[in-house]
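Okay, got some structures for you below.
Common to both upcoming complexes is chain A, partnered first by chain B, then by chain C.
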Partner chain A sequence: MPKTKKEKLLLKASIAFAAMFAVAPVSNAMHIMEGYLPAGYCVAWGVVCLPFLIAGFISLRNKTRENRRNLTLIAMSGAFIFVISSLKIPSVTGSCSHMTGTGLGAILFGPAAVSVLGIIVLIFQAVLLAHGGLTTLGANTFSMAIAGPLVSYGIYKLCEKTKVNRRVGVFLAACAGDLFTYCVTSVQLALAYPSEAGGVAASAVKFLGVFAPTQLPLAVIEGILTVVIVIGMETYAVPELRSIGFLSGKKEVY
Partner chain B sequence: MSKNTRTVILLLAAAVLIALIPLFALKGAEFGGSDDAGSVMVEEIHGEYEPWFTPVLETALGGEIPGEVESLIFCVQTGIGVGVIAFFMGRFVERKKWMKLTGKEAEEGAPDAVH
Partner chain C sequence: MLSIDKLCCQSALRYANAAEKFVYAVLTLCICVAGRSWTAAVFAFAANGVLTVWKGKIPLLRYLRLLLVPAVFLIVGTAAVIVNLSRNPMDAFALSVGEWYLTGSRASILWGLNLCATAFASVSCLYFLSLNTTMTDILGVLRRMHLPSLLIELMMLIYRFLFILLETASAIMTAQESRLGNRNFAVRVRSFGGMASALFIRAMKRANALYDAMESRCYDGELRVLAEEHPARKREIAGIAAFETILIALTLLT
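== the complex of A and B ==
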């Protein structure tokens, strides 16, 4: 990683920013409600997120420095998260939930970069919509913008290695990332609220019972939508996709 | 391309169906948020729970955000996202058309070979 003066400054700024969050009431988890996590957990999750955010910051910087045109795809991945996570969709359990949209970014740019895009959306929702929360931001970022994308990325790479059809790979990756996000949320809540009878595990099962059935059909929708936008990009944005290494072929310089 | 179009239409139709079926299958269900279901579960496990921090906006407003305004903000969020995606997608589409016209596509390597 080249460390220029500017980059060091950015690193420091992001650390300072994170420290600010740690001092202020901190804890943002993927849509764990504001004020529902004890302060200790809030801080802990925030700290866990920090390295990912910084790595993401640097990776995004390098990507744009390498080729300014990469910005378009970064913007589109971010916008995709904006759209997808704003759609509340009715599910089989009779309650509504929404998707994460982080799969696309993870597949195109890797999990670290998505953590930055994801936290933007989470802050937007926490501040303007009272959805999720500033205190739960760390935990929410970890589940939605770090853990989920990590799984998406891993599954996509696995599918690539095993020569599964790319579209199937994209679908599986986005789908699994979405589901895993909610699994992590359940575990986070369970850690903070172990049940009296069975401890953390029993509690996690209970929370999973709330989130998983609702989320399953939504994960399928997220997979479908991600495949659709990837098809669109494959059709019209070949040079950009090559430039970030998503498609093979010589890199074009514009 | 036409094969792609068909795939896309089928996929979108499937997505819409998955989203709409519960609405008709479960008539009279409330369709509240599952985040709220989460807080109900917390109370079940933990007993009465008082959130120790209220959302910034709710503090500023001195109450909950009105439902209509909330949906407005959600729409703004969707709008920002769709705007960005549509803008770039439009540029990409036009660029491809233009490249085809000027015959530049041949140098690119035919994009269809990618699929």
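== the complex of A and C ==
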């Protein structure tokens, strides 16, 4: 048992900290909340996102020009990402958490489509669920709709090239995408709020540290769930997967 | 499932001019984030609370509970900003952990509190918009801001699909629950995967069916919907202008 006053205080603080995670209503993926970033950073991250968004927009426009039917398919994919990321997922700790859905989205629809769909989903999440916000939209879009999906997609393709087991590839892609999103968000926060002792690097370590208890298990669960979902789809939804170009074979639309 | 969306349909301010509400919310948000002033944040927070709860007739308890949604992120993030791990103690508090100190300075505590105030004021702006304006009205405003029509159309379709998919998902989850599909972690993971893949199949089928329905009604690449006109009143515009002026003055003075 703790003896000194300080030890008791430390114990109490750690209990309070742990309790906070237990009662946390939602520990969602790392959306930076509304009004949390200084104005300059909001604008800067928005500008960084622009080239990716424009590339994504052009690719979507070409797809809809190719075949108008693609418009409803793309919209449905966006809604699918939103719904998957807003549903409670099974978690070990008991608090309810959510998937990011970006890994799955990137694997299924490709990173270009996911960048535009991602920003739309983030707007809806901000307005309808109050996850994230309008001023932090740029930063959130960069971490969740651009950086994470790009890493997921890259790892997935790499695993495909090097003939790694497909399921392992999907797991790694989803897991790494989630972890990378979490790292990017921590760095974004650290850049905006450098630590008094140690600057940006120390601050990044702090942010990585405080969000680790929720984010690390989440990444593993997200990886497992993505594999289970992909197995389910490959079993039951082969024509649908062909239609979005996920499985090789004849590509009709999208 | 989307309680904010339900609440905004009951709001007494629902039929006020959408552009007016949008401009008010976004301007206030920008001033709060860019100005970072105590008084302006408190003033904006109070104004938004009064407008939403008293004018908009949103139940107070629901409003307060919604305000707490981003609280976890705020607490964890601000803790990371305030608390430092350093070899030398700082002036506000210092807890020794071995040779190191968990420590923080007075300035950073004041700064963290300021950050909390700004964040809460910004969240209240976001809630003013989302609790009093329906998504379709917001999309109408975005259309008038000349966002690319493809983007607006995608958002409109996605918004519609959200409810279809959420309903389908919740029906599947109820069915799984009633068949003990959540009895332990492994089964829960399998159920979630099954649900998501079934949802994907349904989503793609619905998308194709919707396209057929749209095409049979002469869809030619553009969705045109008549919007209800609620002209802005001069008094309201003057009120908003006065409010923003006071807010800017408060920001500049402190």
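Here are some notes:
By definition in this document, the second predicted complex is superposed on the first by the 180 of 254 C-alpha atoms of A that agree within 3 Å, B and C clash if a C-alpha of one lies under 4 Å from a C-alpha of the other, contacts with A are read in each partner's own complex, and residues count from 1 in each chain.
By our rule, contacts are C-beta pairs under 8 Å (C-beta built on N, C-alpha and C of every residue); 3 or more make two chains touch, one makes a residue touch a chain.
Everything quoted here is computed from the prediction, not taken from an experiment.
In the overlay built on the shared chain, the residue A:247 is in contact with chain B alone; chain C does not reach it. Shared-chain residue A:83: touches chain B and chain C both. Once the two complexes are overlaid on the shared chain, A:125 sits against chain B while remaining clear of chain C.
Contacts of A:116 after superposition: chain C is touched, whereas chain B is not reached.
Contact with neither chain B nor chain C is seen for A:152 once the two complexes are overlaid on the shared chain.
By the touch criterion defined above, A:220 reaches chain B but does not reach chain C. Touch criterion not met for A:102: it reaches neither chain B nor chain C. Once chain A of one complex is fitted onto chain A of the other, the partner contacts of A:59 are absent, as it touches neither chain B nor chain C. Of the two partner chains, chain B and chain C are each touched by A:237.
Common to the chain B and chain C contact sets on chain A are residues 25, 31-36, 38-39, 72, 75-76, 78-80, 82-84, 86-87, 89-90, 92, 121, 124, 126-131, 133-135, 189, 193, 195-196, 203, 206-207, 210-211, 221, 224-225, 227-229, 231-233, 235-237, 240.
Residues of chain A that touch chain C in their complex: 6, 9-10, 20, 24-27, 31-39, 42, 57, 60-61, 64, 68-69, 71-80, 82-84, 86-87, 89-90, 92, 116-117, 120-121, 123-124, 126-131, 133-135, 189, 193, 195-198, 202-203, 206-207, 209-211, 221, 224-225, 227-229, 231-233, 235-237, 240, 243-244. The residues of chain C lying in touch with chain A in their complex are 1-2, 4-5, 26, 29-30, 32-34, 36, 66, 68-70, 72-77, 79-81, 83-86, 88, 90, 95-97, 103-105, 108, 115, 118-123, 125-127, 129-130, 135, 138, 148, 150-151, 153-155, 157-159, 161-162, 164-166, 169, 173, 182, 185, 188-190, 192-194, 196-201, 203-208, 210-211, 214-215, 219, 221. Per the touch definition, chain B reaches chain A in the complex via residues 1, 4, 7-8, 11-12, 14-15, 18-20, 22-23, 25-26, 29-39, 41-42, 44-46, 49, 51-58, 64-65, 70, 73-75, 77-78, 80-85, 88-89, 91-93, 95-96, 108-109, 111, 114-115.
Note for the complex: chain A touches chain B at residues 25, 31-36, 38-39, 72, 75-76, 78-97, 121, 124-135, 185, 189, 193, 195-196, 203, 206-207, 210-211, 214-215, 217, 220-221, 224-225, 227-229, 231-240, 247, 249, 252.
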